[in-house]
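Reviewing the structure listed below.
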Amino acid sequence: MNYAKEELLAVTIARLIGDARHVAVGAASPIPATGAFLLKQQNPALRISLLQKRSGNPFTEGSRELFDLAGQGRIDVFFLGGAQIDGEANINLVAAEGKRFPGSFGSAFMYFTAGKTILFREEHSPRVLVKKVDYVSAPGWSPPEIERRGGPAALLTGKALFAWQTEKRRFLLESVHPGGKADDIRANTGFDYDMPAQVPATPGPTPAELRLLRGSVAHVIAENYPEFARRVWGEARPTATT
Amino acid sequence: MNYAKEELLAVTIARLIGDARHVAVGAASPIPATGAFLLKQQNPALRISLLQKRSGNPFTEGSRELFDLAGQGRIDVFFLGGAQIDGEANINLVAAEGKRFPGSFGSAFMYFTAGKTILFREEHSPRVLVKKVDYVSAPGWSPPEIERRGGPAALLTGKALFAWQTEKRRFLLESVHPGGKADDIRANTGFDYDMPAQVPATPGPTPAELRLLRGSVAHVIAENYPEFARRVWGEARPTATT
Amino acid sequence: MSDLRSNETRFLEDADAIAQEIPDGASIGLPPDYSPVAMAVVRALVRRKARQLKLIGVPVLGLCADILIGAGCVREIETSAVTLGEAGLAPRFTAAAEKGALRIIDATCPMIHTGLQATEKGVPFMPLRGVLGSDLVRHHPDWKTIDNPYSEGDPILLAKAIVPDVALFHARWADEAGNVWVGRRGELATIAHASKSCYVTYEERQAGDMLEDEILAPGCIGSVYISAVAPAPRGAWPLGVPGMYGIDDAHVQAYARMANTAAGFQQYLDEFVLKPVAA
Amino acid sequence: MSDLRSNETRFLEDADAIAQEIPDGASIGLPPDYSPVAMAVVRALVRRKARQLKLIGVPVLGLCADILIGAGCVREIETSAVTLGEAGLAPRFTAAAEKGALRIIDATCPMIHTGLQATEKGVPFMPLRGVLGSDLVRHHPDWKTIDNPYSEGDPILLAKAIVPDVALFHARWADEAGNVWVGRRGELATIAHASKSCYVTYEERQAGDMLEDEILAPGCIGSVYISAVAPAPRGAWPLGVPGMYGIDDAHVQAYARMANTAAGFQQYLDEFVLKPVAA
């Protein structure tokens, strides 16, 4: 079957969201948004809040409301990335090796208060996936005395999917995307992690999922991330079989 | 000169407000409101916020905003009454002698945060003006370690005006309303207070003040306190000389 | 927090259907009389003989509390006052209080807002200036005084987070997405945000999604907070809805007179609460 | 708090008149790029060669900060991020940061909101969950960790009250009473409430008093908070005003390219900032 890398990542994200009831997707996150809207096709009750959407923003009280919502326990799934991500699921959005990044945004709060966080970064390299982040914008785990509702559930990259093992505070290589090899993952990952003897391939989109992605999902995504939709699905936004 | 008791009290309140820039007047306070609007005729920059006004309420964020405003230091003058008021300027709005009153409202906060508070209670009797309140809804003064922006400035009753002496934490009888006697005040006041050898009479409204009260002020007050305006100024709301 | 993850607003038939969902023993956050009160649900709660309710006045209580107290639905209240406004004292509250038949937690307006704001932010407490030295502090079970960690020898009061089981109020509009429009009545949003579940009656149904309208959105409470809505035209009566109808002063004054005695209150219930009434 | 008792909104002529009133060294609370930014005043600040400003991002900074930093107006920023959104990194911020030419206090969005809410309530601090264990806590000068007074062995973070000297933003409407309408952009109200003075540019003047209109009032910030307003049609350009005009993406992308070098940035200033520009 032919599909785009973005489509593989989106269906993986849809599976990771699972039975959540409320997903919040940050700015500049077209792939998580695609995954969430794909899932909504199957579960219309799923609530998706697109943050900083230019129109039809779901909030009525300004930029504080997302954080209040999360504090109240009303956000089940959130997405975070990182200029660096390490083997303890710490993320760094501030600075590394003399380079300055934009900053931590709400990560240090959302990582604690959302029900679960999916770490997502397409670049899979030793530069991004490091042994230890240079700056902890938001910690991957907290000692027991610290109140923390949620934490990392998984780390999805352009090459592989890792599951987070809460007890061991370590990642487990869950699957490698089709065409990739476990050895290549080891070579491109700066942190140590567990892996089974046989690492399965990440399941690709089913024909039904592809139909949805290229139909109604592409339509919604094009409204909010026009550049991305054009790149993945072209101007025509084809429906059904391609 | 002929004037109503309410007119005397209103002009006294206008003088007590003085050079304030922002006065907040609670529900069911037509006389303080009358005093504030009289002053506004002379100083149009005076801002008057009528709380719980049924329409044209000055707040956009609901009932919390008044308290936030006061906390920010943006309310210069507020009014409080009391089922009991004692010689240390404590007020009781909760319960006394087996009787239950409505409750403390925002008094315990506003008394601290408004720039100054004018205590106002028409009934002047030993039942209301007591030696010690049965319940302190809001204290008249605070020890030095307690942060407190404001406190009582004066106590105005239907019979007299007391000034608050911050250092001595005691009231001083400043004037007795025309027709009254200092002895009568002493007999009807349950707490002890200072007084000068000669107690002056509370100055009545000037002809100019009366013209304003019976003209534009009566008009504004009638919109917000129709029963009161009818009682004081009659249906016709006469302007100028009566 | 049972219902916090509920994200689909249900559309119920009427105020009675809401009253069926509010269980005995629930704590209910209620707005003041000048902010739309779901009076139709209050009457339905009396009809279904609700018991052991705890009412939280945000920040004061009025007619709705007096009726519920008089009808024996209420175990406890936390509020900064109970008043009928221009109609004077709340007679059934006063009678119950003076008989000792009601647990009363006396508060002051901004401390109630502060406790709800704490829940809104997901924090266990929030500080407030003032109040210290008031007997309210001595009697309130949930307030604490600490030293300001930023400045030595500077005591400051903390409100513990208040988490009502139920938020209950009335709105001018609800839309097809389950959003409600309450205009500038911000205390309603605070109650909704802080409560485990939230029930709203409304005057009129709006087509579409008000959050897509830049002019209406700022006065809306998003459906993410709303458990269920039900139509109740003139559902705040005898209280008012800003911009639609005012308080029926004559009725509230008549209530105040009748409710001055237990017998008169029962007559009021018979006439205006126990049999369905056209406003 | 110099201007807190100011209660008369002044009507100034234009954005330059506002820039004249914002002194060198002032701390300025600024909204994110998706909430109307007073870009016309930002350009006027560059023209008047403002110096030593402290910018506070509520909760993030964007184009306005990058221009002010590039033009040498800024000593220090406190923010949870600086970004041009879809146009990528903020180049002058990045260059200044990597050269060490700017003091940066890194924060996280809700801690900035929390610090402003503390000032809004008149309290010296406010708690927030989460964040503990982040390096932000180690580096931030104003945050403290205490034990939750309601539960032993439960550390919780406090934000110290943030008090900007100046709130600066753009609004769709101002009215004759000095109220401004900002719709659902609640962060603008928080900045206005917490700041010592507040300057607002607006698109259009409304007759009368918007607070008398139940539909408009919920989106208004009352004049009690507003020091002065000035007209600035398309004053947020190249950023947008919800419901009126969107972000001029092409212009922001052109900016991002030009500002990648100091020379290109100077050319941008010459072309779009130093000489008056028609949007």
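Chains: A, B, C and D, in written order; residue numbering restarts at 1 for each.
We take it that a contact is a pair of C-beta atoms (placed from the backbone, for glycine too) under 8 Å apart; a residue touches a chain by one contact, two chains touch by 3 or more.
Bear in mind that the values here come from a model prediction, so they are computed numbers and not experimental data.
The minimal number of chain-to-chain contact steps leading from subunit A to subunit B is 2.
Once the centre of each chain is set as its mean CA position, subunit A and subunit C turn out to be 40 Å apart.
Subunit B and subunit C have centres, each the mean of its CA atoms, that are 30 Å apart. Within subunit B, residues 55, 57, 59-61, 67, 71, 113 each touch two or more of the remaining chains.
Shared contact sites, meaning residues of subunit D that touch two or more other chains, fall at 117, 121-123, 128-129, 154, 156, 184, 189, 217-219, 242. The chain pairs satisfying the stated touch condition come to A-C, A-D, B-C, B-D, C-D. Of all the residues in subunit B, the ones that touch subunit C in their complex are 27-28, 52, 54-55, 57, 59-65, 67, 71, 93-95, 98-113, 135-139, 142-143, 145-148, 227. Within the complex formed with subunit D, the subunit C residues making contact are 114, 117, 121-129, 144, 146, 148-151, 154, 156, 158, 160, 183-184, 214-219, 242-243.
Put simply, subunit C touches subunit B in their complex at residues 32, 34-35, 58-60, 79-83, 85-86, 89-90, 93-94, 97-98, 106-111, 113, 117, 128-136, 153-156, 184-190, 240, 242, 246-247.
Taken together, the subunit C residues at the contact with subunit A in this complex read 1, 4-8, 119-123, 189, 193-194, 209, 211-212, 217-222, 224-225.
By the touch criterion given at the top, residues 21-22, 45, 47, 49, 55-61, 67-74, 76, 113 of subunit A touch subunit C in their complex.
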